[in-house]
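Each of the next two complexes has chain A plus one more chain, namely chain B in the first and chain C in the second.
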Partner chain A sequence: MKKRKNLQNLMYLPALGLMIVFIVYPLFRGFLYSFYKWNGYSQNMVFVGFKNYLDMMGNQFFGIAFWNTVLYAVLGTLLQEVLGIAFAIFLNSRFTGRIAVRTVIYLPVIISALLIGYMMTFLFQYHYGVFNEILQWFGMKPIDWLRDPGRGRIIISLVTGWHYTGSSMIIFMAGLQNIPDMYIEAAKLDGATKWQLFSRITLPLLQPAVASTVLLNMVGGLKIYDSIVSLTNGGPVQKTNSLSTLISYTYFTSEKAGYASAIGMFQFVFIFIISFFINRYFAGKEVEY
Partner chain B sequence: MDKIKGHPLSSGGKIQERNKKEKVWWKYMVSLVIIVIYLLPIYVLVVMSFKEKTDFSSRLLLPDYLYLDNYIKALKEGGFFNALKNTCFVTALTVGIIVILGCMAAYPLSRNRSKLNRIIKSICMGVMMIPSLSILVGVYTEIVSMNGVNCFWPVIVIGAAFGLPTAILLYSNFINSIPSSLDEAAALDGASPFKTFWHVILPQLKPVTATLVIQQGVGAWNNFVYPSYFLQKPAKYTLVLLIRQYFGTADSGSNLNGAAAVAILSTLPIVVLYIFMQKYFIQGQIDGAVK
Partner chain C sequence: MKKNMRKMWAVLLTVVMLGSILVGCGNNSGEEAPENVQQENPEAADNGTKEEDAGGEVAESGEASKTDTETSGNISMAVTYADSNLDEFKNIISEFEKESGVTVELITPASEYESVLKTMMASNTLPDIFMTHGWSLRRYSEYLQPVNSQPWFGSMDKALEPIMADEDGNVYALCVSTSVSGVYFNGDALKKAGIEEPYSIVTWKDFEDACEKAKAVGLVPIAVGGGSGSGQFSSIFGGIAPTLWTDAGAKYDLADVLLNGSFDSDTYVTEMYEMIAGWLEKGYFNEDCLTLDFDGASRMLGSGDAAFMLRGPLTIAHEAFPDADCGILPELASIDGAKPSFRLGEGNAYGVWKDTANADACWALLEYLARPENVERICALGTDYPAIEGVEAVDAFGYGIYAKAVEAYGDNLQYDNLFDRKYLPSGMWSILGDSLSMVFESPDDVKPAVEVFKEGYIEKYEESKGN
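Entry: the complex of A and B
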């Protein structure tokens, strides 16, 4: 029996091997590199201890990238939660064209984030952009949407929301299906208003869906990379960077491999901690009637 | 048509009938607004792809005539077919590895809950938490030392490594629901663990495999981060990289309309798949969220 179990265990060795060689091992190497000053290709690596981390904490561009990342994640998630639930409820009753609306809302999810960004530049470009064109119809002046850091950041968050709301919506639709009609009927008999139905029954029973979507959306938002490359490329002057684009810039453009590794380690630990707290928060909120 | 349970509108009565009619009309208005907001960027992309490079008319307007040169150029000299070939190759291999190694790994991790195996499973789930860019320096230097730049294998292997945890999670959850008495019966008949897996478990995994293929396939097709670092020669570009090449040239020299055509061609396969197999996309989304 033992022999059988051991043979059976052999079956996960290939998968485990692949993950260890190409993900876990680089993680440890990155951790080591973060303590060195190195340009990424020369033989010359100087041990500097925690200097990279200290530099990081005091660095203006790191601070900007960090808070940008938090904004992108929080605003993006907020949009996806609110719109996701709204769309799911909207589509929960039968009407002609319901499937068409669902199809259209989910469609962006399968398009690459890079392309989504480029498509949005067609709308937000200063010259010939659709939104500036619309502004000019009303006699208003064109706005430089993407090259202003404040506006650029909001746009990046909104684009993320537009892109992925469909996926949250689908999860909420599944969650709504799991709410027994019986509860709604009983509450209606007791004279509950629409708002009471939503806040006292629907929303609490959607908690598992909210928990899953918040986790997925927050983690996804904290890792954001592709759409920033196509929308602003981190600009102007690295002011719309996320942690991910900062790492790439620092490693390939600034040629600071050790420092880039340090940012990478920070990003990993930060996302890990956030996931932990999100899970903890929602674990205590299971509701049963 | 799927069954919908909603907040049931009360039945019968004339006043309710009238309210029902008004309610539905409101829904059509909202649906229209939603469709416009969601299709606007896509509409602009399509419209621009049929316009000449020098056509600076409003992006909202339909073209005066269908200018097909953007598409013809893209297909003939634009490197599109080459990129398509590369993308299909990378996607197929990545998904293949994820599915095969994933279900094989899920079997013992689901059936045999030893302490070691539970630790291994936690490692697999932990890997899911590692962001692609956190390990950039480690991965890049490792691949360079293996002479992997401008080769497809690093992209395939790294893509597969990142996709495996999800596959293992989905497969092991599913295998948990298959009664282990089936395994035991096969064992009594003298089947090795692998044979048991192959004949008893594997045939039942089709639904999970289907949704996984779609979910991971789309991810691999659209993958940008590591392909952008490793596939530097245009001959090796995948479709995403081709899109970047077309869109990325400096504002004055760029042909955004041509780029739009390339983008449409690159996304068309996935969109067509989506239209015809929506059920699998939707199911995959739900499965991916359940812990």
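Entry: the complex of A and C
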């Protein structure tokens, strides 16, 4: 028995090895670099202690990127949760073409975020963009949609939310399958309205699915990178940057690898804390009837 | 009834979701996209640009050089070329391989070249040969072997030595072409605006007059592709600033104060930014200057919708509109009587890694590339002109337009190195772009933009002094 357990434990080793090589070790090195002034490619590094962290706290571009990241995560998650549940409920009943509709809604998920962003620029670009062409058909002036940082942030959030709605939908559909029909039927017999069915039966019993999707969507939103690169490249004037795009810009363009590592460490701790509180919040929310 | 409603919603949902994917899939620019081309940039390849991922292969990081060169006659080479330029360069390499018996593995990260090279540098696992794209001295010299002892060294353009040589006179790359920065124009657009002779534009005042004329006939006077990253603005800064501060006969003589760290940003940067803000307020720039990418701005110039561009190269414009009468002017003089200037930099330059295990094969390849017939072919890949004496790459588009400008201006020209390389502390490039882009965003108040420049200049200057 013990021998069998030891053998089973050995099965973890490859996965553990990969995690150590590709996650733990780079994280450790990044943590070390955050205490150095380094341009990212020289063989020489200068130890500066906590200077990178102090500089980060006082930097306007960091502040902008931080609040942008929070916005992208919250707005994107909200959109994915609402649309995901709506689509899941809609597709939970049988009708002709249900599988096709489900596939089409899920399709964006399998396309890379970078490509999605490039595709979306054809909608929003000033010259020959789809939306501006429509405006001009109606005799209106074209709008530079991504010129205004506020508008750009909303567009990024909407695109990201739309992109990953399909994956939330699938998780919610699985959750809906686990709700026994007898609860719904019993509630209907008691005269419950559609809204009451949803709010008192379906949603409470979907809490595990909601917990999973909120966690995944929030973490994904807090790490957002590809769609920003392709839509706005962090502009105008670095005002739509997320923490991830700021890290990339700081490391490769500004050649401040140590400072970028400090931002990376901050992002890691921030996501860890958010994940902890999300898990804690939803831990007590599970319902059983 | 309910089933029909559900079906209707299902169909609508499908159409909307499919439509939102498919509508973004077409090219809505109204033009046939040319093959993606390398953007040969003498100042720096713009990181995070979103013009294109030009189909280059991601470098096989860290694996190529040492293992491969321990076997016979194999070397690795990283190049910035992509698509049609890469195809032509591969032909050159293939001919070298046939002649020498050396096998060359090309690494082609395309638009990610700089990031990939930096990663390789950090791990000290560089390819045997790599392109230095303007940074052979300031960035890559600690990883490269000096080339002074090579037989072709004497035939490299001496004008490049101030840019490429260190304090001991060591040069670290074979530079076969010189990159030229200036103001780019579309001659057909200027004719439409009533300017028959573009080379009559000598000062920024002449330039503003030309912009007014272009605007009057419905053209965009100056096309800017700010959507491709702050590097676009860094280039504009680097083109205008020296005409005000460091060129011979310029409005101010600030070369020394720039170099000794006492430069008064509040006065001089404010003045320059207010000049550019004035252009913005007069409507000289395209409305989407902050969101249009460089590709779009180039096409605007090439198609004749715009008269000028303050940043090159002209590769995309020329490939998309080969019949367009595009050309280059020098950076214009700030006052009457001063000479306009061309800014020179490394063009196509190749260095040998200091730790290569197959130096002989590397030098053989560089010797092959330095041959006049190959210098001509390499110059034709972009808009550069030859940096090897005795080679007159007349087939190269870039050489042609530069030669025309030099002939037109005659003695009324001066030359200098790239501004940020010579006069600013290292690491200022992104700060120039971040700062100037703030002016484009908020031309009413340039003070925050000046502050960004000032803080960055002081910080970088202190760093350069080891403080």
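One rule holds for everything that comes next: the second predicted complex is superposed on the first by the 270 of 289 C-alpha atoms of A that agree within 3 Å, B and C clash if a C-alpha of one lies under 4 Å from a C-alpha of the other, contacts with A are read in each partner's own complex, and residues count from 1 in each chain.
In the analysis below, contacts are C-beta pairs under 8 Å (C-beta built on N, C-alpha and C of every residue); 3 or more make two chains touch, one makes a residue touch a chain.
Computed from a predicted structure; not experimentally measured.
S.K.: Consider chain A as the common anchor and indicate whether chain B and chain C clash or fit when overlaid.
M.R.: After superposition on chain A, chain B vs chain C: clash.
S.K.: Just to be sure I read the superposition right, which of the two partners does A:Q43 touch: chain B = first, chain C = second, or both, or neither?
M.R.: In the superposition, A:Q43 contacts chain C only.
S.K.: So, does A:L146 touch the first partner chain B, the second partner chain C, both, or neither?
M.R.: second
S.K.: Looking at A:S248, would you say it contacts chain B, chain C, both, or neither? Reply first, second, both or neither.
M.R.: both
S.K.: Given the touch rule stated above, what does A:M11 touch, chain B (first), chain C (second), both, or neither?
M.R.: Once the two structures are laid over each other on A, A:M11 reaches chain B alone.
S.K.: Mind telling me which of the two, chain B or chain C, contacts the most residues of chain A?
M.R.: Result: the larger residue contact count on chain A belongs to B.
S.K.: Pick one for A:G235: touches chain B only (first), chain C only (second), both, or neither.
M.R.: second
S.K.: Pick one for A:M119: touches chain B only (first), chain C only (second), both, or neither.
M.R.: both
S.K.: For chain B, sort through 6-14, 96-104, 186-194 or 240-248 and name the stretch that clashes with chain C after the overlay.
M.R.: That would be 240-248, the one stretch with clashes.
S.K.: In the superposed arrangement, what residues of chain A touch both chain B and chain C?
M.R.: 40-41, 87, 90, 93, 95, 97-98, 100-101, 104-105, 107-108, 111, 118-120, 122-123, 128-130, 133, 162, 229-230, 248, 252, 257
S.K.: With touch defined as at the start, can you tell me which chain A residues reach chain C in the complex?
M.R.: 37, 39-43, 61, 87, 90, 93, 95-98, 100-101, 104-105, 107-108, 111, 118-123, 125-130, 133, 144-147, 162, 229-230, 232-239, 245, 248-249, 252-255, 257
S.K.: Under the stated contact criterion, what part of chain A meets chain B in this complex?
M.R.: Per the touch definition, chain A meets chain B at residues 4-5, 7-9, 11-12, 14-16, 18-19, 21-30, 33, 40-41, 87, 90, 92-95, 97-98, 100-101, 103-116, 118-120, 122-123, 128-130, 133, 162, 167, 170-171, 174, 176-177, 179, 181, 184-185, 194, 197, 209, 212-213, 216, 219, 222-223, 225-226, 229-230, 243-244, 247-248, 251-252, 257, 260-261, 264-265, 267-268, 271-272, 275.
S.K.: Using the touch rule from the top, collect the residues of chain B that touch chain A in their complex.
M.R.: Interface residues on the chain B side: 4-9, 24, 27-28, 30-31, 34-35, 37-42, 44-45, 48, 56, 58-60, 97, 101-102, 104-109, 111-112, 114, 116-117, 120, 123-124, 127, 129-142, 144, 157-158, 160-162, 164-165, 168, 187, 192-194, 197, 218, 221-222, 224-225, 229, 240, 243-244, 247, 256, 259-260, 263, 266-267, 270-271, 274-275, 278, 281-282, 285-286, 288-291.
S.K.: Touching chain A in the complex: which residues of chain C?
M.R.: 3, 6-7, 9-11, 13-14, 17-18, 20-21, 23-30, 46-50, 114-115, 117-119, 121-122, 124, 139, 142, 226-231, 287-288, 290-292, 296, 427, 429-431, 434, 437-438, 440-441, 463
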